[in-house]
Every structure is written in C-alpha cells, then in structure tokens.
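Have a look at the structure below before the remarks.
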Amino acid sequence: MHSAVDAERSSSRAAATAPARVAVAGATGYTGQELLRILSRHPAVTVTAAMSSGTSAARKLPALARLWAGDITPLSVDSLRQAEVVFLALPDAAAAELGPTLVDAGVRVIDLSGAFRLTEATARARWYPETYRVPEHTVYGLTELARPAVAGARLVANPGCYPTATLLALSPIAAAGLLAPDVDVIVDAKSGVSGAGKTPSERTHFSEVHGSMGAYGVFGHRHGAEIEQGVASATGAATVVNFVPHLVPLDRGILATIYVRLTPGTTEDTLADVFQQAYLSAPFVRLVGSTLPEIKHVAHTNFCDIGWRVDASGRAVLVSVIDNLLKGASGQAVQNLNVMLGIDERTGLW
Amino acid sequence: MHSAVDAERSSSRAAATAPARVAVAGATGYTGQELLRILSRHPAVTVTAAMSSGTSAARKLPALARLWAGDITPLSVDSLRQAEVVFLALPDAAAAELGPTLVDAGVRVIDLSGAFRLTEATARARWYPETYRVPEHTVYGLTELARPAVAGARLVANPGCYPTATLLALSPIAAAGLLAPDVDVIVDAKSGVSGAGKTPSERTHFSEVHGSMGAYGVFGHRHGAEIEQGVASATGAATVVNFVPHLVPLDRGILATIYVRLTPGTTEDTLADVFQQAYLSAPFVRLVGSTLPEIKHVAHTNFCDIGWRVDASGRAVLVSVIDNLLKGASGQAVQNLNVMLGIDERTGLW
Amino acid sequence: MHSAVDAERSSSRAAATAPARVAVAGATGYTGQELLRILSRHPAVTVTAAMSSGTSAARKLPALARLWAGDITPLSVDSLRQAEVVFLALPDAAAAELGPTLVDAGVRVIDLSGAFRLTEATARARWYPETYRVPEHTVYGLTELARPAVAGARLVANPGCYPTATLLALSPIAAAGLLAPDVDVIVDAKSGVSGAGKTPSERTHFSEVHGSMGAYGVFGHRHGAEIEQGVASATGAATVVNFVPHLVPLDRGILATIYVRLTPGTTEDTLADVFQQAYLSAPFVRLVGSTLPEIKHVAHTNFCDIGWRVDASGRAVLVSVIDNLLKGASGQAVQNLNVMLGIDERTGLW
Amino acid sequence: MHSAVDAERSSSRAAATAPARVAVAGATGYTGQELLRILSRHPAVTVTAAMSSGTSAARKLPALARLWAGDITPLSVDSLRQAEVVFLALPDAAAAELGPTLVDAGVRVIDLSGAFRLTEATARARWYPETYRVPEHTVYGLTELARPAVAGARLVANPGCYPTATLLALSPIAAAGLLAPDVDVIVDAKSGVSGAGKTPSERTHFSEVHGSMGAYGVFGHRHGAEIEQGVASATGAATVVNFVPHLVPLDRGILATIYVRLTPGTTEDTLADVFQQAYLSAPFVRLVGSTLPEIKHVAHTNFCDIGWRVDASGRAVLVSVIDNLLKGASGQAVQNLNVMLGIDERTGLW
C-alpha cells in the first residue's frame, strides 16, 4: 500500500514549501548524533542550531563530516527560541526545565528524555523526583497509536526504547480485550549497549560486555512503569507487568519477548487480524507472524517487526524488535516531527 | 568449605590407584573436543580411545596439539567395549543404539545426547521418535540433585544445557513447595552459538548472528519437556513451563531468566535459605543473591551462578548462568564421572 | 563544497527525466541485496528485474519487506536484455559469460565479479583461468580515479573490496612519484566477515570467528594482483606489493594498513597536498590526516576515510577504511551507475 | 616429547617440598586477577598476600569466588617483604619504586610493568621518564629465550604482550642471521581490548569498539622500542622495526603479522629447522608452519603458535598468536616463576 516512490513524491511536495526550522539541544550523545544525521538529509527541514550543554565553544562532529557542515555550539535558550521545533536530547532534569520554557515561547518541543512520559503525577513523582510543570497539549508520542494527538501537540514526550518495542506488540491486543484477566504480563527485554548511552563505565567497558550478558534493574526500571501505563491506557484497567531488561553484546537493537495469557479461543489468526487492523496504514510496522523477527532486519532502520505464537491453551509469546537509536529514539522523534508538520510520515527515514 | 588445596589432595589420592580407562565416542564436535581437553589433564583417568563416526582414518586434532597426543580413530564398538566408562557425544539415534549395547557389555556410559533424558515413555516418544531400549540403572544426571543415583548408575543421561541452568535454580524452590499453584513458570533463556554445534548453517553464519538476536523453538523445543519433567519430579505435580530459547551473539554461555509466583510470605531470605541448604556441599554452585549473575563469571568454568529477586507481592525473578559446553555438557559429564568413580567431584575441573 | 541539499536537488533534476531501467542478476547474496536496497530508493532508476540463478520460481526477500515490493525471479538473459544497465553480482564464470553477451546486445554492464578487473591477459589467465572475451570499452571502475572513462564505458569492472580501500590511499602517492624505488609495499588488510559472502562454511561459522582472528591467502590472493596493477598504472613501473588479508570478528568493514618508504623530504604535509588535489571533487573520500580513521565511521556508508603518518626518515603508514559491501562493492557500483548516467555521483547514496 | 602426565608428576614432586610463599601487588586489574586465578591453583606456591593500591580495607573479588578464599588488602611493603617472590602488577612508576626496594630486602621480584624492560639507559629514559635504579641481576624474561638468566634473576622484567608475540617469531630468525640487511621489519599487530586494561574509557567503550577497528600509537608505542631491543640483541646490529598496533573487537588475544626479507636461498624449510632447533624443549611454543595460526587456538592458554610463509624471492610473512593476558602477561610471569623455582615450566599452566 505504501511504496518508496510515494515517499519520494511526498517529500518533494513538502520540500516545495519553506523548510521547517528545527534545532537540536544535546547533539553529541548517540541519540543526538543520530538525530543530526537524519535531519541533515531531511528534505523538509533546516537545522538552525545543534547545541551541547558540555560545549563551551563551537566545534565539529567528526562522525558527521561531509554529512552536516554546521558546528556544535554551546546551549543557548535564546537561539532555541528561534526554531519552530526543538528536539531535546538532554538529561531528564534539563529537559524538565527547558521543555515548558520553550512551549511558553511558542516553540513546539519533541523531548527524548523521560521527563514527560508518565502522565499520572504519583507515578511520575516516583521515577522522576524533580518538581516541574507539564505543559498543556503534552502528548505521549508512540506514533502509530497517537497520530492525531501528535499532530496537534505542543510537546511530544518521545517514548522510551523498551516501551516502544513492547507496546507496539502489546497495546493492540490489550485494546482488543484479549488479555486474560489477573495474569501477569512478562516482558523479557534484551538491549544492545548503545542504549546505555555514550559515557564510558565499567558496565559498558568492552571487556565486560563481550562474551557476556546480564539482567539489570529487576523491579526497578522506570520503563516498567511506562509500559504499565501504556497497557492500562489500552485496557482501562491496571495490569501487572513484570519487566526485566538485559544487556547483550551487540551495539544497536532491542528484542522484547512478551509472555501473555489470552482469553479462550484466541488464535494466531485472531492476533493477525488485530495487528493488521491496528497497523493498516503504519509504514514502519512489519508483521512477520510465526516466523519471529530478528534484530538484524531492523538495525539501522526505523522499522518495528512483530511476530507471535499462540498455543491451544491460550499461552502466547510475542516478539518485537527495533533499532533502539532509531524507532526507539531519534527515528521515532523524526517520525513524530513529520506527523506534526503534516507531511509523509516516512520523510527522511526511508 | 572447599578449597583448591583439598581438590588437589583428593586428586592425588585418586591418582594413587590405577587410572580409570575411559573412551570418547564423538570426539570432534565442540562437546567432544571439550571432553578430550578435560580428560587429557584429568589425573584419575587414561583416555584409551577418542573416536569419530565421520573419520575413516586416524588423525590429529590441531586444537589439542601438545595437550593430547593421541589420534582420533574411526568409531569401533569393539574398542569402546575395552573401556570402563564411555562418553557418548553422538547424535541421538547413534547414542540410542550404542548406549544399551555398551551397558550390556558391562561398560558404564555417560551419554551427552538427548536420547535417555526423558524418563516417561510418552514424552520420550514425542521428542525422540526412534524406538530403543532404556537400560536399567539409567539416571538423569543433574549432578547436584542426583549424586547417590549417579554414583550407582550404569548409564547417566547427561542433562541438556538449558535444563541444567534452569533446574539448578528452579528445582530447590519447587521441592520446597514455594511455587504458587496454577501459575505458569516462564523460562526465557539466552544461549551462545556454540550450543548449536559445529556444523555450519545459515543460522550460525557469523554475519547472520553478529549484531543480531532472535527467539526460536517457541512451544517446540524438547528442552521444555525436560524442564517440565524436572519441575514435576520436584513438586510431584505437573506445572506448565513456558520455555523460549534465544540465540545471542556470543560463543559460550547460557543465561536463563525465570519468572515465577511464590507462595505468600516468601522473601529473598527464604530463597537464600532454601538454596544454601540445597547446595551446602555443591562446589560448583555459587549463590550470588540479589547481585544477579553474569555469563562472564562462569565462561570457561564448570560453575553455575544463581541470583534472585523477590518483590512484596511474591513475584520472583531467578537468573542462572552456566558455560553451555562445560556445566551444560562436557564439564558436568566429567563431574558425573567423578561421582561414579567415588573421587572428589572437582577433579580435573578446577 | 558539496552538501546534502545539492545532492537532493540533483536527484530531483535527474528524476525529472525518465528513470533508467536497471536490472540485477544475482540479487540474493549480500552484495545483491545491498544493491536492491539502494536501487529501490534511487530516484533516477526503475528496477525492472532482480534475478537469482538459484531460484526456480518467483519469491520475496524478507529483509527487503516494505523497501522493495518486487519478486526475485529465475535468471533470464532475455529479460536482462530489456534493461539499459545490468548489474552482475554473480560468480566469476557466470559473469565472464554473461557480460560480453549483454554488451553485444547494447546493454551497459556493471560487473561486481572479478572477471574483468585484471586488464593484462597473462595476469588474468593466472587468477581467472576461464577463457573469455573482454568487450571493448571495458573500464576498471575505481570511480574517483576513472570518472571520464566510466562515463563512457560499456562494461565497468567494479573493483574488489581490498583494492578499493588500498588504491584510494596508495595511487595518488604513487602517481606523484613519491614512492621510494625498490622497496616493497606492504598491505596488511583486515576484513569483516560479510566480505566472505553468504554461504555458510567452517571459516565463517560464528563460533570459529568470534573471539578469534587469522591471516589467509598469503602470497595467493588475487586482490594482490589487482593492487599491483593499480600501483603499476599509477607509476608506470612494476612495484612489489606484499598483500596479506585477515578475517576479523566484525560484519562490515575493511581496514587496510599500508607501509611504504617515501622519497627523501616527503612529509605529512606533502601527502596532505597530494590527497587534497586528488580528491578535490570526490564527495566520498574524507581525509582525516594523522587522526587515523576507524571502521565505525564508514560502516553503512559509501565513504572511504584515509589517514597517514610519516616519520623523519620517510617511513609512512597509510590507513584506509571502507564498508566492504558499499564502497567496496554495491555502493561503488551505484556510484559508477551515476557517473554513467551523468547525474550527481551521490544520488541514492547519501 | 612433553605430556600432561609428565607435567602432573613434576608438579607432584614440587608439591612435596614446602610451597613457595608468593604475593601479588596489584591484584584487581585484569592481569592481577589472572595471576591470582593461576596461583590459587598452583601446587607449588602459597599466596601470602594479594594487595591493591586502590583498596583501603580488605575485600573479596567476586570473580574468584570459590577459587581463592583470601581477601584483597591495601598495599603494604612490610607484608610484601615476607614473601619469597613478589609479582608486581602495578603502574610503571609504582613498580619502578617498589622493585629495587624489595630486591634490596632479599625478595625476588617478577615485574609485569614496563619499568625494567628496556636495558639501555637512553631508550629507557625516552619511554619511561621517571628516574629510578635498575637492580643487579635484572633479566628481560622472555622465558623461552632466557631460561638460564631467569633461573638466577633477582628481578625479572616480564615482557610486554606485543613483544612476546613478535620476538618469539622474529628472534630465532634474526639470531640465525637470516634477515636481509637494510630492509625494514614491519610488525602489524592486532590486539583484543583486555590489553588496554580495566579502566573504562571512550576508546574501550563497547559501542565504540564493536563493529569497528583502528590503528593507534603509530611511531609512538614503546613496545616498538622493546621489539627493536630484542632484534638487536639477536643480531648484534640495529634494525628498524616499523610497529603498528591495532585494537580489534575481541577480548583476549594478540595476532602479530610480521613482514621480513630473508637472505637469498632461505626457504620455508630453513625456517622450520631454525624454529624446531630454537624451541626443542619449549612446551608452550607450537609451530604450525604454513597453516598459519589463529587466536582461537591460544585464547585462555599459555601457548604461542607460530606460522610462516616464504616465497621464491625471499619475502616472508610470519604470524604469531598469544593470549595477551596469559603468555602476554600473567601466564608468562608464572612460567618465569617456575623457572626461578627450578620446577617444571608448565606447573599451574597446563
């Protein structure tokens, strides 16, 4: 239903109007660099500023030589105010402060931190202890499930990487009422190391990760709360999600294996129908059914591939894979930008 | 309670008597080579033959140069009959045929295939369709849970790699009656690629595995049946185990993440007590509690490291790691040999 | 001097004329898939056929779902004749036969095999023993060094991956007469495993490559002859090149470390001048000087990054990196296509 | 000529006398931990102390649970004086100060730092700027080439990892007078990341290393001077060695590819004779000839595997591989200990 040629055409249309002025705050981390890489080739935008809070003088990013000619400059709120849309790839506290300021100044914001993801104040206070104001028209931007709201948002809270992979598989089933009540949902997630960011640490030292693997954050990772919020918004009722992330020896990619019990009579075909309906016009979701997806097929793309198996007793295993830096962060942020600008969702991402 | 010096002393004692004559059938695969590597340095045995069914003339194994001086010879049942103990590292069908023959000839057998692991005939017929005879005194050799039986066994069915990692964590809890009834046990297991054997295939091609990851065998891996058998033998009742293995981009190691519901009131300390009791004199099981174990610490060793977390509502996450070629195969096979010979369990493995 | 916006504009211009009809013979290997991935998004071409000699009926490539909607069909010379330009990603013998046939039929050919790379008949006969005809207007297509010839070529011999990385660093120095006479050139090259192709083998089995590394093809790799040919064509005299390739545990990328002696007085600045002159209008060559380049910065791009160090005595070390599947194969093939079509060299590759 | 059984017997003999009292200063880095792992199972020694300069109170090393029961204690020179042999796995400056102090106190020292490796004062002053005293009976401990001197040494300078791999291949050829005069020796070396130590840095961050590779230290790595010293001591004349190390995405292992020109008439068989003569009673050197060695076969062992190819014109390529933490550091240190104690060289290392 979609094709590369369509995408090209839409882009050309978009390019005909004046390009949108966008800025990136936090441009030197892995997500920031990935944002710049995409935006520098995006036909419908002009990057007016790329800033880093750790920078005191303008400098170049060697990895982007020939791709982006601009400098990385020190963080300046005045400069950010000149943009139409600002991407925040900053720590939570910095984003929590800067987001409302920019919205007040009439700038639309796409925030890649966690600050605005939890909508319920108590949950937010538990995982993000800073006190801050959530602007009106703040939207949780899991694009495929929130397009109309994203289109009109002033601030988009770009979802976490684990919740993106998990909720794209889980939400349609939850919304269709197919989850057996009173059974825990188990989410066993595996992530590449780029998800841990760019700052060297013992946990991300090559010799500690290579040939190894481990779980972390059991019962204590805030993406668990974000996933529970997503499931609850789909079902209208609280569901316990037991979420355990693992660090695996690869660079880019997340694979979430999700264990659920379904209501009696639900089959693999039922799920196929539910997913096809949910993702009828979602260019970045690919349904692979019982084949089961692999990280290799989504790395360096904005795709989310979803597979599923159901047995006769209603046990189901869902497997969902994404590139954590693209669909799990910067790719989805640009996808949200496209929706906000009213242009083809795939522009700059195909 | 144990120390390296004790192990050394026991080995010396063992070496004082005549060394046991052992043979390896299937010596060129990854588990066979690992067996030879261990046995060639084992002070209480002499390797009388190392055979390969794919070999038509005697040849050397380059990887074992200087470690083992012998040749790999074509498979010969007559030669195997000369040994006191024979290790079978062969395909299921070959082991199913050879095992009973050797037992009939008075040879004790340690079988690393799957042929004799399932004790119940119906389950066995489902996963191992060949028809064959199970000799008397066949024992499922998860060493720590079966020492007395192994000591007197004629044929030891050496456990699968996934069941070894899983049951060492799960069985003591099941045996203590701490599993909440009627809740599925979820076992999400991740394995290095050496577990898939030495034969090249698309699934194990470097370029397919590197930077990737995937689930396989959902609802259809026979190690699931082996795990269910282990849990049932601990609880006396059938328990549904939802077992999903994954292939991860590392060579050696298995990490099993196990999700269970515990009976009300069970805490992390309860589990600590249960495990300490169960593994009081188990030199190869290390309890790391809430730290959670990592593959790195067990790779190239015969250890199984077990960690656990329990929340206030009784949800528990157990994490168990082993080296799939050692504790998950050849190491445990030699551990079983030591128990059969009545010598220190650690001999040759420390 | 170049920018993404220019590239976009040129592409748009190109797209205004009728797209070129191109076909791919050998579309299921790693280079074939990479070609399809690029061509399916290329604004100036239409893929009229993607064929595989191993295919007996039309089928899909799962990795390209959503990116390319077409089928892979069985190899058909008649169909290939309908295209304006055909990419051959076939074994040498098949390409040697098919190339002249297509050229005779008026089709322009870009051949990714080795069949037409060596121009001197004796050398070719040593490394490519099949007898075959080299069509007129066959050009060795190292794009940056052969643009005018490529523009008018009927058959482009797309260079090997090792020669591409090596000659882009070595040729300008050789052509400037800066190589000390009578000193061997040493090329120590390291390649990721995708360079070995898609067919599983013991040498490319994950467990054999992970955590390992080795040299191969010493004094016997035909890319050595291709490099010597390139140096000789730059200097006009024969130079001994001692080329040793190594297989390293990564998927995509080549790093060539080149050891040469320079004529007296040559400095790092001399080389900087020579390279800048040579690559003044080469959008895909980035000069990083004494920083030395890393594979990470070129993986998944068509860039070649070149660094160099010279000491006071005239010893020099050149380091050159490319992505073996892109600049080392399919990317350069499309770059050559762009030159043949007279459009911006970066179209579809930026 | 050697066998595992011999090694076992020698060990038993050694164990009959009182075990030697050894201590480790710097026990928490990668080489220190590896030393402890070996020494804790070594039948002829007792570890009296394991110290870390970064430790203010006694603590355990989790990775060595069950293998070594002792504590890591703060660095204490008084305690070190109680030992017969002290291993220094400390930074250069700390070793430079501590080494002579301990020798003065009658303790024998095996130093794994670089402080005492360069014997010529000018060279040492260039690469190790601290001023310090070199004790009498200091010996460069490349075991295979210096056994008698090591046996009587007061301080053994344990060689660097790159020089170990390189000189074991190069020295016998140089000593036999087979190197063509006035031709540079090229050493292109590739190392796993554990060689860079345990301190996290951007260069050793998993996401920077995985899927990448780079050269470093061109013309500026002090192991180059150490290699030139080794060649000069074999030939009696200065030889230029062009040494370039690279960091590759694996954890343990070094592969050195060495390019030399040989005197006319030298063949592969000549080299085979030279090597066999040199390593007649060297249990840890394995000669693999034209097969060429791979890191996989030496990882986690103390072996050095050496291969070679020579062409008709006298060009030769030597390939040498070791495990950088064992033969390149801690394994060779224990090998030197064994020589100093007059026991079988393989004790504790087989």
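Just so it is clear, A, B, C and D label the chains in written order, and each chain counts residues from 1 on its own.
As a convention for this text, a contact is a pair of C-beta atoms (placed from the backbone, for glycine too) under 8 Å apart; a residue touches a chain by one contact, two chains touch by 3 or more.
Note that the structure is a prediction, hence the values are computed from the model and not measured.
In this assembly, the chain whose C-alpha centre lies farthest from subunit C is B. If each chain is reduced to the centroid of its CA atoms, subunit A and subunit D end up 48 Å from each other.
Centre to centre, using the average C-alpha position, subunit C and subunit D are separated by 41 Å. Centre to centre, using the average C-alpha position, subunit B and subunit D are separated by 36 Å. For subunit B, the set of residues that touch two or more other chains comprises 208, 210-211, 249-251, 296. Chain contacts here are complete: no pair of chains fails to touch. Contacts from subunit A toward subunit B in the complex involve residues 184, 186, 188, 190, 208, 210-216, 218-219, 240, 242, 244, 246, 248-253, 255, 257, 259, 261, 292-296, 299, 309, 311, 313, 315, 317, 319. Of all the residues in subunit C, the ones that touch subunit A in their complex are 2-4, 8, 12, 15, 40-41, 43, 62-63, 65-69, 210-211, 283, 286, 288, 291, 296-297, 300, 303, 350. On the subunit A side of its complex with subunit D, the touching residues are 30, 193-194, 198, 200-202, 204-211, 249-251.
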